[in-house]
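Paired with chain B in one complex and with chain C in the other, chain A is shared by the two complexes that follow.
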Partner chain A sequence: MAITIDKEQAQFLVRLADTEMILGQRLCEMCSNGPFLEEDIALSNIALDLIGRAEQLYILISEIEGKGLSADDYAYRRNEREYFSIKLVEQPNTDFAWVIARQYLHDVYVKEIFTQLLSSKIDKVAGLSEKVLKEITYSHVHARDWMFRLGIGTPESNRRLQAAVDHLFKYAGELFAFDSIDKKFLSDITKLEQGWKSAVALTLAEANVKQPEIHKIYMRDYREGFHSEYLGHILSEMQFLPRAYPDAKW
Partner chain B sequence: MESGDKVWEVFIQKKSGLPFKHAGSVHGYDKKMAVQNARDAYCRRGEGRELWVVPANCIVSVPMDEAEAYFDPQEDKIYRHPTFYVIPDGVENL
Partner chain C sequence: MVIQKEFGHLWELLSQIPDPEIPVINLVELGVIRKIEEKPDQDKVVITITPTYTGCPAKKLFNDLILEKLYENGYKNVELVSQLHPVWTTDWLTEETKAKLLKEGISPPTAENKIIQCPHCKSTDTRMISAFGSTPCQALYSCNKCLEPFNYFKCH
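The block that comes next holds the complex of A and B.
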């Protein structure tokens, strides 16, 4: 059974929900793999915040859609092409610089989005935004501080951060390829794009990292359900248990 | 930013007005990392509203071999304890 999302409000929210879910899953892979104990706890903590945020959004989506599906159904029973996460968050944990750069670029993006959603007319979204902005503010500060440490730390840490940023910027273009649904529910798409670009440019400059150009991406857009090679692998691991044992309870 | 992998002692205040209590220690290369690590390790379940981190090497402690001279003489001075007073009802946090 394919799960479709039919109402425009839900189609908008599922982009955020899936983005947070997939980044949460990616970050959970860092549990026990952090560079040292305290950072390991910090990353896992942020991962749980992301998954909790996704769950809240799936609950809202479920209420809007009114099909009697649970948050778990939306997370665990949709296929790759039915997912609407940004490609940026699917990218792997190649090294710690990738983890940090991905988190930073994501955090600036969702910080801009949830700030605009503080005045959203979708039921309950304004309240949820107020709550999650506190989490995002913390995660954003944590990631940005690490951008500086890596960028101006040693030649090796700078080289690794530059490589991560160069790769991840390939997926920055689609963030701003807004469609009619984005335009309907975001209050100011120009402000979102300019806010992200100016904040990121400032951080990269201070971190001594060259800013890559944002090129047009020769892949179809995440808003149509198209992804990089990594999402299918993430889902196969994430969804294995609930799909193999549909009645499992824990 | 300072460099070097340092140990920091963590103190948490449960709510405004209460004393800070020692919670444990964390690693951190700089002040910001230390306070963030302390938050993630010790303050995720409503343990407090304020947090201090102090470089462990800034804390001065009583030398181990002088502990007897510092602490033993107080053991037989019962009058130093405020047990001869009645604490009025309604006094909290004493």
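The block that comes next holds the complex of A and C.
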């Protein structure tokens, strides 16, 4: 049975929740595959933060919707078209530069969003935002440091970071194609877009990476449940156990 | 943190529960237990918990340990309330708790992660190896003086 999300406030929050959930799942794939031990632990720690954040958001969504569903129901019992993650975070762990560039572009975006949500009319959203902003600082600093190290490291690391950024920027246009729901719950969409663009431009310039153009979206929007080809595969792995053994408990 | 005077016996019970990841300190010292209310008319205890990190994997275990401890001591009807705000902060760790951490080999949180002391030789000439450690609340450090590695409890 399809799980629909009916209230606008919840429809807005589920975009954030799904984005954090899917990036968390992507980073889980890096567990035991990091380039060295400390980095492996770092990526797994960041994955935990993302999944914990998604869980808190799903709990809030459940409270708003009032249908008695759990965070697990939202994470594990929705299909691809019922997910609302940004395409950027669905992109694969092609190499370490992709992992870092994806994280960096995401962190700047989400930081801007949660900063605006600090003034949310819903106390719990404002409270969670304060918590998220504290936690995300570590991830953001980590990703930005690596942007510099890869960008100005060696010709090879620079080449790889440039390739990752070139690919990931194809999904940047979608971030700013705000619809009426975004406009309702974000306090200043222009500020969000400008904030992201100026922070990213500064980092790319310092990292000696050419900034690709941000194209208008030529893919259908994640806000309507359209995704890149990767999401189905991510969900099939992530949801396998709860779907094969419904109501399994730890 | 300031412990409520009321329901002292319950605070005492919960302070017997070690943090599952950093067992040298207990849940009360960690500051995750924010409020305890006993409602004798409903024969019920309500405990408000604030998680350290939203993704802390010990969250569920905290709850189980609390329920177990109270159940063993005759409190069968316990409600746990999770509260994110005000957000948990390492400011809630008392000086005694910080001293305890240092003694047990974990460098305690300091303002803005600035002056970080080696728990082995007490030198403050230390460097960060990784901002992410064995648990979400710790970072990996190394001492420039005695060369030993150690965990630092991140300021948060």
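Operating definition for what follows: the second predicted complex is superposed on the first by the 249 of 250 C-alpha atoms of A that agree within 3 Å, B and C clash if a C-alpha of one lies under 4 Å from a C-alpha of the other, contacts with A are read in each partner's own complex, and residues count from 1 in each chain.
Note that in this section a contact is a pair of C-beta atoms (placed from the backbone, for glycine too) under 8 Å apart; a residue touches a chain by one contact, two chains touch by 3 or more.
Since this is a predicted model, take the numbers as computed values, not measurements.
Colleague: Put the two structures on top of each other at chain A: do chain B and chain C fit, or clash?
Modeller: clash
Colleague: Could you tell me if A:123 is touching chain B, chain C, both of them or neither one (first, second, both, neither)?
Modeller: second
Colleague: With the two complexes superposed on chain A, say which partner A:219 touches: chain B (first), chain C (second), both, or neither.
Modeller: Touch status of A:219: no partner.
Colleague: Let me test your reading of the model: by the given contact rule, A:45 touches which partner, first (chain B), second (chain C), both or neither?
Modeller: A:45 contacts both chain B and chain C.
Colleague: Which partner, chain B or chain C, is in contact with more residues of chain A?
Modeller: Looking at chain B versus chain C, the one contacting more residues of chain A is C.
Colleague: For A:201, is the partner it touches chain B (first), chain C (second), both, or none of the two (neither)?
Modeller: Neither partner.
Colleague: Based on the superposed arrangement, let me know which partner A:149 touches: chain B (first), chain C (second), both, or neither?
Modeller: Touch status of A:149: first partner only.
Colleague: Where along chain C is the clash with chain B: 1-9, 55-63 or 145-153?
Modeller: Given the superposition on chain A, chain C and chain B clash at 145-153.
Colleague: Take the contacts of chain A with chain B and those with chain C, and give the residues found in both.
Modeller: Dual-contact residues (chain A): 38-39, 41-42, 45, 138, 141-142.
Colleague: Going by the contact rule at the top, pick out the chain C residues touching chain A in the complex.
Modeller: It comes out as residues 53-57, 59, 84-88, 129-134, 136, 140, 154, 156.
Colleague: Touching residues of chain A toward chain B in the complex: what are they?
Modeller: Within the complex, chain A touches chain B at residues 36-39, 41-42, 45, 138, 141-142, 145, 148-149.
Colleague: Which of the residues in chain A come into contact with chain C in the complex?
Modeller: Per the touch definition, chain A meets chain C at residues 38-39, 41-42, 45-53, 55-56, 123-124, 126-128, 130-132, 134-135, 138, 141-142.
Colleague: Touching residues of chain B toward chain A in the complex: what are they?
Modeller: Spelled out, the residues of chain B in touch with chain A are 1, 26-30, 32-33, 36-37, 39-41, 44.
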